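Next come two complexes, and both contain subunit A; in the first it sits with subunit B, in the second with subunit C.
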Partner chain A sequence: MKIPRLTTLVPVVILVLLALFPLIGIPLNWLNYLFSFFIYLALATMWNLLAGYTGLIMLCPHAFVGLAGYTMAIGTWVGVPFQAGLIAGAAVAALFALLISYPVFRMKGIYFAIGTLVLPEALKAWFSFWRPVGTAYQGGGAGYAVAGVAGFTLGDKYWLALAIAAVSIFVVHIILRARLGLGLTAIRDNENTAASSGVNIFRLKLSSFLIAAFIMGIAGAAYYIHNPRIQPTSGFNISWLLLPLMATVIGGEGIEEGPIIGAAIVTFLRFLLADYGAWSLFIQGIILVVVVVVMPQGIAGLLRQVGAYRLPLRLFKAAEAKIHKT
Partner chain B sequence: MSETAVLSIDRVSKHFGGIVAVKDMTFEVQAGEVLGLMGPNGAGKTTLLNIIAGTYSPSSGRVHFCGRDITGLPAHKLCHLGIARTYQIPQPFTSLSARQNILVATEYGGKKAAGMEHDKIFDLVNLSEQKDMPARDLATVSLKRLELARALASNPTLILLDEIAAGSTDAELPRILGIIEEIHKMGKTVVLVEHVMKVMVEAVDRIIVIDKGEKIAEGTPGEVMKDEKVIAAYFG
Partner chain C sequence: MEDFLVGLAPPLIKGILLGGLYVVIALGLSLVFGVMKLINVAHGDLVILGSYFAWAVMGWLGIDPFLSLVAGVPLFFVLGFFVQKFIINRTFRISLDAALIACFGISIIVQNLCQAIWTPFNRSLLTDYRLLTFAVGPLTIQLRYLLDFIGGLAVMLAVRGFLRRTYLGRAISAASQNEPVAERMGINPNRVYSFAFAIAMACAAVAGVLQGLTFSFSPTSGSPFLIISFGVIILGGLGSMAGTFIGGMVFGLTQTLGAYFSGGSLLVQSIAPYLLVFVILSVRPQGIFGR
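What follows is the complex of A and B.
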């Protein structure tokens, strides 16, 4: 029998342990926190794919979250079950990404960033008066409840979010080790040289943009299964941008484990500071500034720099050698 | 246009706003030829390379490559068709190793017949010992060699070399001449922009002299150096 490598085994073991949590009766609050963590993790991992590996400072995750959430919510009122709506929402987010790709990819650097930043604002305005189905559910307004999610337990939602986060990490892991990852890194490092080496810049940027939009959409829609009421001000809220951005920058941009560390910190801070309202953002902002100044490559970058992974890796290798001997 | 022409530039002009960088340029490069482009700073040599490589489209005129009209095609398509270029100021993929740098060109360079093995390319440009170093740690001299390696890795028909000898010491020149000779022997067509006279005179079959975007002289190195317009352009 072939013994799997420990570096493969460890993530699988962690995944299985996390999947067991709802079954062993851990406090419901924990499941709630972890649910948020998984959603933020999926968003941050995708934001890192764009900003860290493709060089696209994309500032419209809230467009994808809002569109996917709205698609799913509206769908539940016209007979589409939320499970199908989840996929449909992600598809709509990806379709939106496809539609805007031609104009926004004509802009570079900071212009691309600003070009993407205005889109969710436009969508927010649109969804504030557009009401395709049904009557206002609470005396007017443009919000929608997500119907038919009552039977979906917290455990189910937790597993869904865990699966989305795991898939997002796995997708980036595969991309980085494939031809696509090489091309994306080339684009990030130097667009001109990439083009003259035969890289079709538009097509590669579009690939990572569509993947990110789809997974951000599905993560956003999953959030609205758990919090089954969407409004323009929540779906298209700028915090859907700030969370993955902070998680990625604090954790380490362009580093695979960066968003994992960052998302954990951002989730922790969010619940720790939940009672302090506006102060919460202020404190998070200060932390962001300190991280950028003290560790420009984020926490994961610092860990790599000081060689924090050397000891565990050496232990892994030693253990592996031992297993193979017996 | 003659049948053996790999590259044909037909009345090409390029304006940037009101500034004319290349004006009504016409010339051909034959298969297997090494053509030198010469001219004072700002004459339009690099602009011309950028037009051939697809970084810019010309404001007017046509460019043909192996009989095909390539005017205005994007850079990556031209790479697939068989045009590779080096940059005057090295433009590496800084976070990638030298080996990965040229892997980009072989992976994305198009479905042409397999080119040289990477190790042979590194041997040729004398970069074998540094091939696993990240490009950001390489010295300028090594980066210039990496430019060459990357250009060769996509196995081009036509290779555009933009001042590969600039900044080299006299002792390094024979090596650079040797590399150009090797590329020539592989049957590749070369267009060379160079300020280092020794390289220009020894490596090329023919020289075109450009001044203020216009062709002012054309001929063998010996002929061109005696041309009064060339002397006037350089020494005023």
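What follows is the complex of A and C.
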């Protein structure tokens, strides 16, 4: 029998352990925080794919989250079960990404950043007035409740979020080891050189944009299963941009494990500062600025620099050699 | 036809006057954008901070918001100088993206500081002249919009005079036109950045007062101003005062005329500037005057 490598075994073991958490009866509060952690992790991983590997400082995750959440919520009002709405929401987010791709990819650098920042603001304004279903008490600024999620337990939501986070990390892992990832990093490093080397810039950017929009959408919709009410000010809230941005930058932009470390820190800070209201985000903002100034590579970059991975990796290798020998 | 024109006059005038407010906000943004090619995404929040400063001083000492600028402008100037020196210059050395993210950090800090100190409720600068109107011929003009226009004109002339007449101002103009050459002429770019950011913040203090008199504000109401003033810059062009002024008017008119032709729809009024920015960017991705 072929023995699997430890580097593949360890993530699988962690995943299984995390999946067992709801069964062994850990405190509900923990499950809640882990749920948020998984959502942030999926968002941050996708933001990292765009900002860290494709060089697209994309500032509209809240457009994808809001659109997906609204699609799911409105769907439950016309009889679509939320499970289908989850996928439909992500598809709508990806469709929106496809629609805006042509104009936004014409913009470069800072123009791209601001061009994408405009979209969620416009959507927020639109959804503040739009009322497709429901009475005068729903829609518009009041938003929609997600109907029919009462039977979905916290454990189910936890597993859903865990699956989304795991898939997002796996997808980025695969992309980076495929031709697509190579092309994306080439675009990030020098767009003109990449183009002259035969990289189809538009298509590659579009693929990563669509993947990110889909997964960000599904993560956002999953959040609104857990908090079953969506308003324009929550769905299109800029915090959906700030969370993945902070997690990625604090953890380490352009490094695969960066968003994992960053999302863990952001979640932990949220837990630590839960009683301090606005001061919580204030302190997170200060941490963000300090990280950008002091260690622009983020925590994962710092860990790599000081060689913190060397010892565990060596232990891994030694253990692996031993297993293969016996 | 005559009815149509008479009906059209109030939103036209209101839009043009409101444009003055956008000019003040855009001037601050454009000074920093000119020298660093960086959009300070915290600029809208800094404007709101200016509004809160005037509001706090008014509630505390009971003095007029315009009078509070005597303290506010120097305070914001110094604050801007040090923010640039200790945060943005350092990140700018790493990359433009790092500086952009640092600006995001500042935006989070300012927004939540306002929220923590002054609660998330809507405020406005309630002076006794806030709602005054007066008649010019057949038209009524609201004083607060006129103040926006006068403020816009005054700040624009002041910045223009500064950029043309003083050494520092010429250094800033030179650095925004061609930085490598300016550096070879003995201009220290880091110093230029610091002063540009300091002046931008002083503009934000003034804009904060005008904004607070015109609209109500909450800690999160800064982002529309960021987007509109960015639109004003790309429409008006960098370094062109007249262009910025016209850009401001266009955005003011977009809002008021959009509302007028849609029968007073708030949706059109709030969404029109965003669409205008997006359309300009899609058609001319580097801005209208970009190279």
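Going forward, the second predicted complex is superposed on the first by the 319 of 326 C-alpha atoms of A that agree within 3 Å, B and C clash if a C-alpha of one lies under 4 Å from a C-alpha of the other, contacts with A are read in each partner's own complex, and residues count from 1 in each chain.
To be clear about the criterion, a residue touches a chain if its C-beta (ideal position, glycine included) is under 8 Å from a C-beta of that chain, and two chains touch if they have at least 3 such contacts.
Quantities reported herein were computed from a predicted structural model and do not represent experimental measurements.
Chemist: Between subunit B (first) and subunit C (second), which, if any, makes contact with A:A122: first, second, both or neither?
Modeler: Only subunit C is touched by A:A122; subunit B is not.
Chemist: Per the contact definition in the header, classify A:L288: touching subunit B only (first), subunit C only (second), both, or neither.
Modeler: Once the two structures are laid over each other on A, A:L288 reaches subunit C alone.
Chemist: Would you check which partner chain A:V249 touches, where first means subunit B only, second means subunit C only, and both and neither mean what they say?
Modeler: second
Chemist: In this superposed model, does subunit C or subunit B come into contact with more residues of subunit A?
Modeler: C
Chemist: Which partner does A:F170 reach: the first (subunit B), the second (subunit C), both, or neither?
Modeler: A:F170: touches no partner chain.
Chemist: Once the shared chain is lined up, is A:N200 touching subunit B (first), subunit C (second), both, or neither of them?
Modeler: A:N200 sits against subunit B, while subunit C stays out of touch.
Chemist: Using the touch definition from the top, say if A:W30 reaches subunit B (first), subunit C (second), both or neither.
Modeler: A:W30 contacts neither subunit B nor subunit C.
Chemist: Based on the superposed arrangement, let me know which partner A:N192 touches: subunit B (first), subunit C (second), both, or neither?
Modeler: First partner only, subunit B.
Chemist: After superposition on the shared chain, which partner residues are touched by A:I114: those of subunit B (first), subunit C (second), both, or neither?
Modeler: Touch status of A:I114: second partner only.
Chemist: Provide the residue numbers of subunit A that touch subunit B in the complex, in ascending order.
Modeler: The contact residues of subunit A facing subunit B are 179, 182-183, 185-186, 188-190, 192-201, 254.
Chemist: Within the complex, which stretch of subunit C touches subunit A?
Modeler: 37-39, 41, 86-87, 90-91, 94-98, 100-102, 104-109, 111-113, 115-116, 120, 219-220, 223-224, 226-227, 230, 234, 266-267, 270-271, 274-275, 277-278, 281-282, 285-287, 290
Chemist: Applying the document's contact rule, which stretches of subunit B touch subunit A when the two form their complex?
Modeler: Residues 53-55, 74-76, 78-80, 84-85, 87, 91-96, 100, 103-105, 107-110, 150, 153-154 of subunit B touch subunit A in their complex.
Chemist: Note which residues of subunit A are touching subunit C in the complex, please.
Modeler: Against subunit C, the touching part of subunit A is residues 51, 57, 103-104, 106-111, 113-115, 117-119, 121-122, 125-126, 128-129, 238, 242, 245, 249, 277-282, 284-286, 288-289, 292-293, 296.
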